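Each remark here refers to the structure printed beneath this line.
Letters A, B, C and D mark the chains in the order given here, with residues in each chain numbered from 1 onward.
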């Protein structure tokens, strides 16, 4: 295996030198300098490092102004990215941390701790160009090199030659100078960067990679190979790029030293804190008031009057009433609200002596609904009229439930149908059939996607919060009434803020909206 | 036979099986549906097994336990707690001790409540109010033809809405404004002229009323959901305008939902015609 | 029974058949057209366009096959654009099926002959972190550390072995984030946590059912761009195709389905009109006193 | 014991999440991180529970030979197939080309997609038989829906194609509805829901609301 590889490498060397030897004859120092000058970039300015405010001391913020060469050249400019280096205060060498894309002015270092002091340096990194990857195949390689030469005639002018970086399928040995991702690449780039030396020619690179698995013989222009120690890995050359060398990076002054701070209060969120406290206060205050037995006023909810009329209509016609409490289980607050309204409907049917039918899709809902209907009949003074089979379970399956109710509607033709609770797509099927049998339909749900269909297909709809308000009104439960009232105060405060804010803002007096920004 | 071709035929068989329900309920549909129900539960089971329990719990917990045997304490040992709570959740399948599942449930409920309290307050209330507070009227220097069309339509609509709501407040059945009818009419006439001039003005120079319209919608909509005061007088008028905004909103939702549903069907028809029958390229 | 009553009493199955045919026939037709681009789609395009090559883009695929007809065309187009633009792509999913849909989008992009798969290396240029259970808590946790949520990627590779992920600690290291969402958890959760807590720049692709609820977030800038439903997909494909400097084929299924979509809308509108005419001709049924 | 401990847990976890938002200092960040990790594992178990529960119900149905027990058998078989194939494939079970992926692409995808695509038919028939301009509100709704429906497809191009190319009248109107009127209405709903959620969450954390614990 190893032999085979040495053979391949030798062969490659042969090919490569055959390819590049003529070019070697005319390397011109002048052109090199000119070339380098052309690609030299200016460093970014005003580089500073601060503690990232309002966090647990795990981050530093780096700010800078763009290098003047960033975004000069057409759309892209000369700067490909910014390279960030960091060292502990007092140490000499910088360590590569990460890169930021060109046009960026800010970066975060999230890999710091709260104990140490850090210093930073930033460098603008010039572009290099990436070409098509080629597989590990010597003949292909030669072809590719030819193509590459055609694409990049300056190859012989570049003193640093071509860099081939390599990828094995096992990432731990992966070297990608393009992305600076591997530890090997990291080290080399940053060591040379911090030492201030330019990578001149293959020797520089050899030195950088001495600790790694650099095994290739160096050719004048065909820089180097990196080899994985895993022998069975199929190799793939991924990038061939013009490598300008780290020496071309334009570095800033050292910034720092800085240390992170842990904050005890997130200063940007004080407005949220105040609003949350005020709102919670009102909600809890009104719940307390309601528990003490204070009457809390709730406006007339028109949908509840419609309930009475609709039950009356069924009575006149001598037909049944269907009540459908949605397809969700008892822990859904919409189902709870729906079942509360069922209590009201049941009381009316008991008083008017109309037949009520409640098909449900959850066993727990069935149990609760039976209790509620029974209680309503007892309160109306007609416990004997209650029959357990008024409330019956059909199936848990969403569409199965809809289909079963569909069939019942067509057969029994109820005069009035209530839909109160949480509904999904089945709402459509139910409301359509209900409409086709000319039933009066009253719906109530807080499902935003189903509300439009109910509004279009039903005679009356309790929209969203109206459902909860209705149930609070009917159940007289202090916790529901109190919260409703507390929310109303919250709404009133927000409405006032809104009105004042818009007026103030329209006349351009004051940036009122910033109170609500984060 | 190529497994892909077999796959496409099976997929078509099942697709048509589900669609056969449109004709009427039948065994073919029930069969397809049963496969769907079983398969999707199996899918969740396998998916969660590898992607959550294995990747998340086991890979953290087992090395921690191993290192415990070597006498080291690992922070990841705290995952034992999660493991126990997860097991408690599964105990719901055993009714006599099913109540124990309330413990993990209350972790979920508590966490969700804590997170939601802040999230909804911040993203859905505070930030929404903040971005509604903007100048009601702006005068953009230049806007394109298309936008100005929208602005003009918007202006006409707004003036119409203003006019109608003013009419409602003045003459509505629940109006509490106690003035002689001629005076009311006079006010209304002034408003009418103002609105007409405004509309005309907006045709000649686009003033952007987006801020005002959004403000009115939010304001009136919130008043509709305000339960501490009867909907009479100004409140009644505003609430009525609020319902109009809500209705337009529902109309938009309606349109989008129809669009969505139809897209899904188009996707299936595309499968039948392109991938299965290959009658369309 | 008069004509209108008979018309309304028609068997539903005829309607079903009619709809099926109305949607199938346009599939055989091919039209090309220039759609007007709405501001929210333009916003999404601008945000992507401003990104520099090698910027890190987080894509969360929060949908499953039923919503794919709407969201897949968007995902395909954006994936193609990001690959061609050499953005580094990090894929994840809050729905278990999401990462599979992401792979489909990748496959579709690489099937384009102008995007050469061999130029893109898994782990360096794109990564699929897979699904994580926990809904919005996953986003919340990613705010402090991606690694803690995704110790392994989709295929079981370790996080630290993925070169792309090594430099990424949390949302601070992400330049832009896109979310394809069909419901819960989805765009709303990303806005509430990633945007409002961790200041991520977010673009969204939504099913049409969800899109209207996302518009307030677009208006307030919490979402920088939004593509809703099939129309959003077609507009995205259009704007990419119009601005593309490459030969990548952007106009794909979103554009192709648009004609069927048009017919579908026409059918629904026609039904509503006919139904309502019949309703008024027959005469309204006796009304409730309180109903408005 | 059955109620107190869950209430204490709920309060602790809930308060931890709220405090963490305002105080980034340790230990609150650590506590929040720990709870989040736990939560996602519990969530996974909860979904697992659903999957197992289905299996349990189906087994009961088959063993008691209930009506349609054959289809319950189909459920069990397909459940087992998917789960076993998935688990036997190892962590890379979803990679393209695996058996699991085959099942997913050719069986799961068409079934789930078709299930939801059926709604298109129902929408169409409901639009014919149920959506009526029965009052002013419903009329407004339907008009808005019409404008949006027509503006989001090719009516501008196909019907008004004779107009100058940038006169997309219907698109402009529907853009206006979506970006302005819809935004306003949705925002009112959002704010209302937000306040409701705050009060419900507050009640849950403080133990005032206990309905999630069920009754015993």
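Assume a residue touches a chain if its C-beta (ideal position, glycine included) is under 8 Å from a C-beta of that chain, and two chains touch if they have at least 3 such contacts.
It should be emphasised that the depicted structure is a prediction, and the values quoted were computed from it without experimental measurement.
Ranked by the number of C-beta pairs in contact, the top chain pair here is B-D.
Computed centre separation for the pair subunit A/subunit C is 14 angstrom, with centres defined by C-alpha atoms. As a whole-number value, the distance joining the C-alpha centres of subunit B and subunit D reads 10 Å. Distance between subunit A and subunit B, defined via averaged C-alpha coordinates, is recorded as 17 Å. Of all residues in subunit D, those that touch two or more other chains are 18, 21, 29, 36-37, 39-41, 43-44, 47, 90-91, 94, 104, 108-109, 112-113, 115-117, 119-121, 123, 125, 127, 129-132, 134, 137-138, 141-142, 145-146, 149, 152-153, 166, 168, 172, 175, 178-179, 182-183, 186-187, 189-193, 195, 198, 200, 202, 212, 214. For subunit B, residues touching at least two other chains, in rising order: 22, 43-44, 47-48, 52, 55-56, 111, 115, 117-118, 120-125, 127-132, 146, 214-215, 218, 222, 225, 246-247, 249-254, 256-259, 262, 264-265, 267-268. Multi-chain contact residues of subunit C (touching two or more other chains): 8, 16, 19-20, 23, 36, 66-69, 97, 130, 132-134, 137, 140, 144, 152, 156, 196, 209, 212-213, 216, 219, 229, 231, 261, 264-265, 268, 291. The touch graph of the protein chains shown is complete.
On subunit A, the positions that touch subunit B within their shared complex are 271-272, 275-276, 279, 297-301, 403, 448-449, 451-453, 455-456, 463-466, 469, 484-485, 488, 491-492, 494-495, 497-499, 501-503, 505-506, 508, 512-518. Put simply, subunit B touches subunit D in their complex at residues 3, 6-8, 10-12, 14-15, 18-19, 21-22, 30-50, 52-57, 78-79, 81-83, 85-87, 89-90, 92-93, 99, 102-111, 113-118, 120-121, 123-125, 128-129, 132, 144-147, 149-150, 153-154, 210, 213-218, 220-222, 224-225, 242-259, 261-262, 264-265, 267-268, 271. Subunit C makes touch with subunit D in their complex at residues 8, 12, 15-16, 18-20, 23, 31, 33-36, 38-40, 64-69, 97, 99-100, 103, 107, 130, 132-135, 137-138, 140-141, 144-145, 148-149, 152, 154-156, 197, 212-213, 215-216, 218-219, 229, 231, 258-259, 261-262, 264-269, 271-272, 274-276, 279, 284, 291-292. Chain contact summary for the complex, subunit A toward subunit D: residues 54-57, 262-266, 269, 272-273, 276, 279-280, 283-284, 287, 330-331, 333, 336, 364, 425, 428-429, 431-432, 434-436, 446, 448, 452-453, 455-457, 459, 464-465, 468, 479, 483, 486-487, 490-491, 494.
Looking at the complex, you find that subunit D touches subunit A at residues 18, 21-26, 29, 116, 119, 122-123, 125-126, 129-132, 134, 137-138, 141-142, 145, 189, 191-193, 195-196, 198-200, 202-203, 206, 208-209, 211-212, 214.
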